[in-house]
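Supplied in structure tokens, the structure appears directly below.
We call the chains A, B, C and D, going by the order they appear; numbering starts again at 1 in every chain.
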């Protein structure tokens, strides 16, 4: 299984970290945010990196999952897992219906349409007070239990969110290396040629849109239970743009690129806090510098450079 | 037996008739070339045949089935494939991955099965790789298989498009100016390749400017001029046709 | 092998972060006060003076030798007004910084989001946000100092009743403060015999509200109430003037800063609002026990930072309620501090005179709010 | 129906603000296919510079001119230090650079000017003008005039001047433009400078109506982007049409349907328009050559 050796090491590290640093704030608290963001970035990368279809509305699906869980469990007393499934079903239908007309658009127009979609959903979260609790959101979600074990501590959440994140990374790696993944890349490379190879491009785009939305929705449900609280600003268009930035920062089209991009953008604010008023400025600066000097994205550029160095050394010796 | 039949085909762009009242048939297992001066409508015809453009009027039959207006991927599913004048290689993939896309129609793993990587997917993946290697070998590209396509020289990219199309095992292969931009050696190689493709049981429809090549390998030649059929027949006959000579030399 | 390289890159990044996050040593006898405020973002006009007030007074207390010898160590994070950040930072305050008391949560959304965390961790938390939901129902570890939006609505309606107004139009923004104020207005209006005849909304970043006001103009409303903060109320005021609407206008305590008058210009004149006494401190009678406290705070703040707002005052109140509680408790034990905060009685703050109890974790009554009218570009205390 | 007139006038005033911001997008887009996410920050920097120059004692016109110059300088610096060094960056990567730049500029503005909200005095009187039962402020007319002048200037620039055509050529085909002797680097520099100056002018015009603070550029930029897309990206007439349409949809939606959902209504309309015309109202669909 050479194909997944990288993944295996990555998984081992993630799972061992809390054992080595059991009470470290960065592991058990920040780690949870990172896992959610990594999952979202990886799912967005399927659409953006593989299929080449930009989405500035990914946070909407994340939010729909979170709100479905919150509303269904609190207002209707549904079992959390059942609520999660209902949320996923809702997003499945919604994203499927929307995918065809939206994905007919290209480039900036697609960006606009997905942005609009995200903002409409966000406005709904803010304005439908009776259902969503308005800007204050909803708090007090019931505890999620897995096989009878309540997930009620940071460390338990660590393993739940970590597992889901690893699963999404594994799916993403598998897809990249498969018939479906190649069809996506083909759509990205040349839609006309993809069609001539017998690929139903509209269907392929629509499926990955739905798949990616579903991954985000479930992440949203888990996030809501972990935070024990939902409020609209976690799902605003700013967050959608942040997700896009994560994907591009790490390296469009690379699963581990998305992982790295999400990791860096989640950890940066934590580290930059010490700069107080300069935080925003430095954050912007770092983002710019990375993209200027590594325009293919941090991970992809570094990997390519490492590969060049290695091949030089091999040919030199 | 007739593989492709075009009846009263017409395509208008604004006021301009790019193709007018064109009818012809392509029999199975031959190399059929379409020639004509620049702007005669050859690529437009290809785009009509593969449904990238919708015809204004007229109909197209492939394997006795009407395919007019079907989406391109459905036409591909029926066994038609093509290469492009302006290359449409997937530059974001490696050489072999490009060809593996060509195997799309010969494999069936879906998105979910791929994500979970079912055992059947793993098996199929091996098979697809083997088929792709076969097509690469056929086109003489084996040594480049793991290179990123973006790094290949122009001549190889043209071959890559052919390999990709072949991997889908088409009945009919449309080749749009395969020799354009190639040097003499490369053209000679191409000539051999096209012949071998035809010998393997694939009908070839060729748009080409290189007359030597066309006359050497084609069984039938069709001449387009201003979107109209000027002449059609075996190469020797076409070469002697006064209308064709006039069209090429200009009035 | 390709992936191995990937992993090394990732690992390097991970370990860097871990190294930077360890090694916090805490001196035993300092009182650690943690705070999370919306210092930037849309609610920065609230969070900014709050932070400045806390910093200024903690510095002063430490310079004077601390509280009973306990120096104060102050840890602060900027939530930018985001609830998710608020949650993260409160976790960080509790788990990483291990603070003894938390003062903060500029906006209601931020405060509400962290209640469960502080309750679970058993850390006393004094919120600086308006919503009544923060302390009603009472939560053991949660207190607050600002007047509630419910009080603001009641004060406005009481004033309307006095003026004989029976029908009012509501126009509110899409923020938490606005929405919560709107909900209180809708809920309380019947109690005062007032009918809400229009319920218009705008986005807080909008550039023009003439459409909503045109709709209001077409109703038979006798007064307009606007709950909001930031630039939007100033635009509302200007648009009301532009449309030539002559109805009495009520704003909320959200605009109780000079900035509002500066932005709205002469359109601000005649507008009434309920607010803490701070902005009209010099108009209070000398007998008013608050006057001395207010003038002292105003003088100190304005000497250092410029025009004072009532919002910084809430931080002042929270800080000194804590200081008094620590003094009485004689220890920095969290539970004891909490008990003493709850026993706060007769504390004269900028927001009023606080009398807390196990059933009231705010301790202010309606008198703490003053009704103010803007006249000739200045605050005028009505009653 | 009495209200409709005011709704339309309100829509027109809001819309002309969007249009003005939208026009700023078109120049950089026409030069490089890049949507400059820092465009809203240009608007903010223009306004904030003018506000603080006036505080420092400068006269209104002088402060305004200087503010435009400062913002143009920021635009040039952005191109010189962030866009030019990233020469191999794809359009997406360049867009992320502009996102980084917008965050950076906002952070810088926060440090320099603080968090307070400021206004500018109106250019002329503040007394509303009556049109039937509806009213409009003189400053709104200034915004409309500014939009009209800008759109004509931008159109003239791209249709009639050599430099404008050269900039257009850069976006069609960088290499070809270079080969026919166009200094691509210089053209990009010009495009960023002009876009920034245009943004600053928009900031000066709208601040008397909507006020300004360090973070206000984001929403203005967003609405401007929507307007530009709705009208057809890169098309200056489209930007104006898109802006005004967006403004009117918002006010009419707020007036007759729901003011709380007015932005949702506006985005819904944008989606519908795009479903019918995938490249905006006046945008041209690009046919792929194969």
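Please note the rule applied: a residue touches a chain if its C-beta (ideal position, glycine included) is under 8 Å from a C-beta of that chain, and two chains touch if they have at least 3 such contacts.
The model shown is predicted, which means the values in this text are computed figures rather than measured ones.
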| item | value |
| --- | --- |
| Central chain of the complex, centres being mean CA coordinates | A |
| Centroid comparison with chain D (C-alpha atoms), farthest chain | B |
| Between the pairs C-D and A-C, the one where more C-beta pairs touch | A-C |
| Averaged-CA centre spacing for the pair chain D and chain B, given as whole angstrom | 47 |
| Chain centre separation (chain A, chain C; CA means) in Å | 34 |
| Distance from the mean Cα position of chain D to that of chain A, given in whole angstrom | 31 |
| Junction residues of chain A - those touching two or more other chains | 127, 192, 279-280 |
| Multi-chain contact sites of chain C, meaning residues that touch two or more partners | 40, 174, 201 |
| Residues of chain B touching at least two other chains | 52, 84, 88 |
| Contact footprint of chain D on chain A as seen in their complex | 54, 101-102, 104-106, 108-109, 111-113, 115-117, 119-120, 123-124, 127, 192, 237, 241, 244-245, 248-249, 252, 277-288, 291-293, 295-297 |
| Contact footprint of chain B on chain A as seen in their complex | 171, 174-175, 177-183, 185-186, 188-190, 192-201, 207-208, 211, 253 |
| In the complex, chain C residues that touch chain D | 39-42, 44-45, 48, 174, 200-203, 205, 207-208, 210-212, 214-215, 218, 230-231, 234-235, 241-244, 259, 262-263, 265 |
| In the complex, chain A residues that touch chain C | 2, 4-7, 9-10, 13, 17, 21, 23-30, 33, 126-127, 129, 134-137, 139-140, 227-229, 231, 233-234, 256, 259-260, 263-264, 267, 270-271, 273, 276, 279-280, 299, 302-303, 306-307 |
| Touch list for chain D against partner chain A, complex | 35, 82, 85-86, 88-90, 92-94, 96-97, 99-108, 110-111, 222, 225-226, 229-230, 233, 260-261, 263-264, 267-268, 270-271, 274-275, 278-280, 283, 288, 290 |
